[in-house]
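Report on the following structure.
Chain nomenclature is as follows: A, B, C and D, assigned in order of appearance, with residue numbering initiated at 1 for each chain independently.
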Amino acid sequence: MKIPPFKEINPPDQLGYWTNKKTGEKYGGQYISPLLIPNLKKVEEGFKKAMKNKKFLAGLEEQLINHIGIVTPLLRSKELEDIVGGEKKIGKIFLKRTDLHHDSSHKPVSAFSSVYFAKHILKAKKIITETGASMNARAVASACAKLGLECEVHIGAVDSEKVSLNKDITELYGAKIIECHDSTKTLLPAMAAALRSWQNDPTAMYVVGSVCGPHPYPLMVRTFASIVGRITKIQMKNLTGRLPSTVFAVCGGGSNLNMISYPYYREKSVSIFGIESAGKGISSGKHAATLTSNAPIGILLGARSNVLMNDDGQIDESATEASGLDFSGTGPEICYMHSIGRIKFRATTDKEAQETFLMMCRRTGILPAIEACYVIHAALKEIKKRKNPKENHLIHLCGSGESNVTRMLKYKRENE
Amino acid sequence: MKIPPFKEINPPDQLGYWTNKKTGEKYGGQYISPLLIPNLKKVEEGFKKAMKNKKFLAGLEEQLINHIGIVTPLLRSKELEDIVGGEKKIGKIFLKRTDLHHDSSHKPVSAFSSVYFAKHILKAKKIITETGASMNARAVASACAKLGLECEVHIGAVDSEKVSLNKDITELYGAKIIECHDSTKTLLPAMAAALRSWQNDPTAMYVVGSVCGPHPYPLMVRTFASIVGRITKIQMKNLTGRLPSTVFAVCGGGSNLNMISYPYYREKSVSIFGIESAGKGISSGKHAATLTSNAPIGILLGARSNVLMNDDGQIDESATEASGLDFSGTGPEICYMHSIGRIKFRATTDKEAQETFLMMCRRTGILPAIEACYVIHAALKEIKKRKNPKENHLIHLCGSGESNVTRMLKYKRENE
Amino acid sequence: MNKTFQKIFAKAKAENRSCFVAFVTGMDPDYESSKQILIELSKYCSVLEVGVSFNTSTSDSSIIMSANDRAIKSGARTEKIFQLIKEVKSEITSDTAFVTMGYLNQIHVYGIDKYIKDCKKSGVDGCIVVDSNNESPEDELIFKGLTKNDIAFIKLIAPTNDSAYIKQSLKKCSSWVYIVSYAGVTGSKDVNLENVKKLTKMIRKQSNIPIGVGFGVKTLEDVKKVSKLADLVVCGSNIVERIKEGSQNGLSGQNLAHFVSEYVINLAKGVKH
Amino acid sequence: MNKTFQKIFAKAKAENRSCFVAFVTGMDPDYESSKQILIELSKYCSVLEVGVSFNTSTSDSSIIMSANDRAIKSGARTEKIFQLIKEVKSEITSDTAFVTMGYLNQIHVYGIDKYIKDCKKSGVDGCIVVDSNNESPEDELIFKGLTKNDIAFIKLIAPTNDSAYIKQSLKKCSSWVYIVSYAGVTGSKDVNLENVKKLTKMIRKQSNIPIGVGFGVKTLEDVKKVSKLADLVVCGSNIVERIKEGSQNGLSGQNLAHFVSEYVINLAKGVKH
């Protein structure tokens, strides 16, 4: 498969802002201590160079294809079609199988790209990253192992205590795991700890787990990751002869949504949906649905974006069954796309996602990441409502559920 | 990728025997209670029909590509080359990444094919299978879930008590898991229990976990599975312009070895190596190295083949760290290939495999199934010995190691 | 036809009854008890089917498999079973026939020729080899060897086998043929008389070989009903269960033998027409 | 230049010394204790830097972060910190300057205009906004608002910042500029005098703005050494640790304030040239 080169169709401005022209509202930017400014400048300049460096891009693409395995299938799922009424009523449903990636999720695409960039462009010897559910840490640690870089992972002590397949794999990959005992001892203080550690060691490079953080991270991560979207667009064309009518992806930080939907930003005929976790219900306050709940704009981890926070600006903890979605913010480009209405948002409750998990196992023989179940539930609901047999629907199956098995089996046994 | 159709180049005779012309020794056959003869005849006739049924073959291929994801990458591993002296000394090493399959091993290829066959050719409504480490059960249960067949899995009570990610996933896929309390309460009595259950319900179909069992199972499983070998042969040609010099695969029952090596049986220039588990060392008696230890020929689970057994014909339990290799026999075609010297055998100890596991994690960023570590160790040793910079080496990385993580992390912490 | 079977069938005919066949696993729960059980049962049974334990059998029920386990634990090996039968035969006076029931792997390892020779030596009258495929070279060797030595080759036939298969099997049976009453494992279902009727009818059309019926024969009623259709009635699982029960209650040797035979005596009564 | 700072610098010059700056997190461990601490410290410090706790700060050491946690637990909010400073200012007689140290998100949520207005109202003399990027629109608004209200905008400069960045930052500083002695987090390393020398030299070439130095200043020796190079010497982590220690030992209010000031008095002695 020939993968078309990246084309910038939604550039932020020089300072890393996406600006909503109607409201004047800005998303992104680089709000960070002056101590980190030089580090970010280095990344920013390196990234610009990298995107013009053909050898770098070709080398990265080769590794993404052959090591990460990004040319995963696009699976027509008759089983899901039948669940919502059959092809004749709702059209065709396609699952982008990024669950088949190396390390079983979409995360390795940007993680590997970032580490490859750190090695070949920045000549860094060490990577610093943070993690909650360790999916990102696993992917970064794997890339560091392969590329011969030191890897330092910051994890909240509370998260660290949870039994976690991905954390164990991160350790096997040789990463140094540092527990963070600050504040809530979860993802956010771990991110802060990672940034502080970078402040201490500017020769290292910081890698972020989603399309978040200060400029140029949101831009860089989505640019690297969009290769999956470009591949999928071609696959969709090959299979159906045209663009999909809808694109669905779950949204935690926004990387897998960005990854799959980027190539359709300018394709007006394609409806794009981002699905958040409604946790125990948005009205309960225990959720991670930043955009669906219309969270206000704030400045979190270096970027202007919608943020779950209280009236004093203290960041609220998100709450969701899906640890990969357990984040109080959303990437700035995604917030911008939400603000201009280009991406529509829906939210799925934990209970709905858990039932979808069981359904997927039993009806499709696929073990999805619990994160992916939020999007599948919402997509089926939307597709059923649209009831258009001429449509082709694209759902991003962004990860595999090995690390959810223990909890989900418990849920199954308690609920059946 | 256009996958060339299957071509039979090593057919057994009518009765399912491969005969070594020099020694007259026969491998395979159909040694089974008369009660199962009709069931086997149905499978045998169905399989012949299926292989001529273009619609069936095309449908199966489509699902294997898009659901199981069999077009996995062939990864050039510079990391492994460097470990044994670098490309300039030993040539190139390629890893066939079947670890990236749906359900993370090579097993789903034959499992899905068999269940698809059961549904579309035999019109069966139920599948019966057995399992030890549950890798096969997981794959069969997944296929049954997708294709809407009932799934019954027999597992030894001792195996069942072990914490097992794959067993839990099997349950999530909706399989009915039946504990077998006979004899050693491990794989062999579970296989017997599965066969007995089939005896009780001839409308079901039995699915075997490797290229074992009575005719036509060894033939059918390797024929279905060989599609991966055909794809790999093309990939190798595309990447290097020629055939590989060596092909390495681990050998439990023999399915992944058969799968990858079949297309080279008649290519004299290709050396094929099967790697067994030497457990705690062959001389210790605690191993699973049927062929390397020159086990005698016996009749196990319906087929003449080499078997670990005592002088009264009681089957000996195998012993190995890799539960996927924990089997006292070897598929008949593989035994035949061993007997004529076409496939050479080596064995790797548990300790060597465990060290290889840690090395793979830390140096290549790949989490291999422990089973695959037996082959990697032996392959590197052999490649180093050959010391030929003109050679291209093909190693079958037949599975991913999620289910080995707990034990391996314990090993790492205790040994470092 | 094997001499012992000739005598047995003649006697049964004279007494207007069928022949009762009891199955036990050789050396279950131990050599001495098993010997006493066989000696005791020989008084009430026309045929004793002695299981040669295989630890990886593909067709036995869990009941038989645990009997196999017990036997192997107390040292069961092929040659020990021969010794057992030989000793029992030397101590009994009845014309009871002895049949071994086992799997091919052990015969293969023992050596087919040697196995047949030792059958002869120890007075075995017939052999069942559950997984010996009619078309296999081993089956041919066993058939020829047994025939030459006037030992019965007893083939199993299932209700699901087709007529070609049945024909093939009958060709190799000289003394009697064993009909399995249902497609399933021993002890798992009730005896299926419909199947038995169909199969006996079919077989009697092409041969006048005596017919034995097993699988699911558990009660006196079962024995009576099967007796009306068949020449031999085989009862296995429940006898094996009885051995286990007695043994678990601490019985062994003569005591266990009596405990088992008490049960068998009652069943065996059903063979009278 | 802000009036209070003018006075402070004039006095320091007259006394041939630099100015001692103590950092504490506002409302750590509680409102009343914090108030007493500030009142007490105002006697020995030229400047009090009061941290406005943000639960997700990206640049504070774990020491400061746990102080933030304590403060938030006792109800710290932006308006409470203003109230605290206002009350303290109303009760002291010295010319001590008060500087808030915080992150942009809280100011943004509070409203930049309102924030500045409330700074003015409560007598805040300068503001540090750690993550306010020089080039951001918010930074521009803050700069303009503070300037208009004669409040110092105090920018941080790190040894790793380039000259363009430094120039940009200096443009927005009216009263003094804050040099970070090493690239790292507060309290993690020792004060780096080489870095300080280089940076002060560079800054003094283009501006005669007073220079403060912080990060790693822990001992009397440190204060003495830094005093020779800078106009203000900032000490934070160790004072915060002292508050924690006292508080853990059961001290609060006046008692805690004395326990802390005991330590600060000694440090502050180092400013004499």
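The rule we apply is simple: a residue touches a chain if its C-beta (ideal position, glycine included) is under 8 Å from a C-beta of that chain, and two chains touch if they have at least 3 such contacts.
In this text the structure is predicted, and so the values were computed from the model without any measurement.
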In the touch network of chains, how many steps separate chain A from chain D on the shortest route? 1
Would you kindly count the fewest steps from chain A to chain C, each step being a jump to a chain that touches the current one? 2
Could you tell me the distance, in whole angstrom, between the mean C-alpha positions of chain B and chain C? 38
Which integer distance in Å separates the CA centroid of chain C from that of chain D? 97
Just curious, how far off is chain D from chain B if you go by their C-alpha centres, in Å? 67
Once you find the CA centre of chain A and the CA centre of chain B, what distance in Å lies between them? 35
Multi-partner residues of chain A (each touching 2 or more other chains): none
Where chain D touches two or more other chains at once, the residues are none
Using the contact definition from the top, classify how the chains connect: line, ring, star, complete or other. line
Spell out all pairs of chains that touch, sorted by label. A-B, A-D, B-C
Looking at the complex, which residues from chain A come into contact with chain B? 65-67, 69, 71-76, 79, 97, 100-104, 141-147, 165, 168-169, 171-174, 358, 361-367, 400, 402, 405-406, 408-409, 412
Listed in rising order, the residues of chain A that touch chain D in the complex are 15, 26, 29-39, 41, 181-184, 188-189, 191-193, 195-196, 199-200, 202, 296-302, 307, 309, 311-315
Can you list the residues on chain C that touch chain B in the complex? 54-62, 65-66, 68-69, 72, 77-78, 103-110, 130-133, 135-138, 155-158, 160-162, 165, 169, 180, 183-185, 188-189
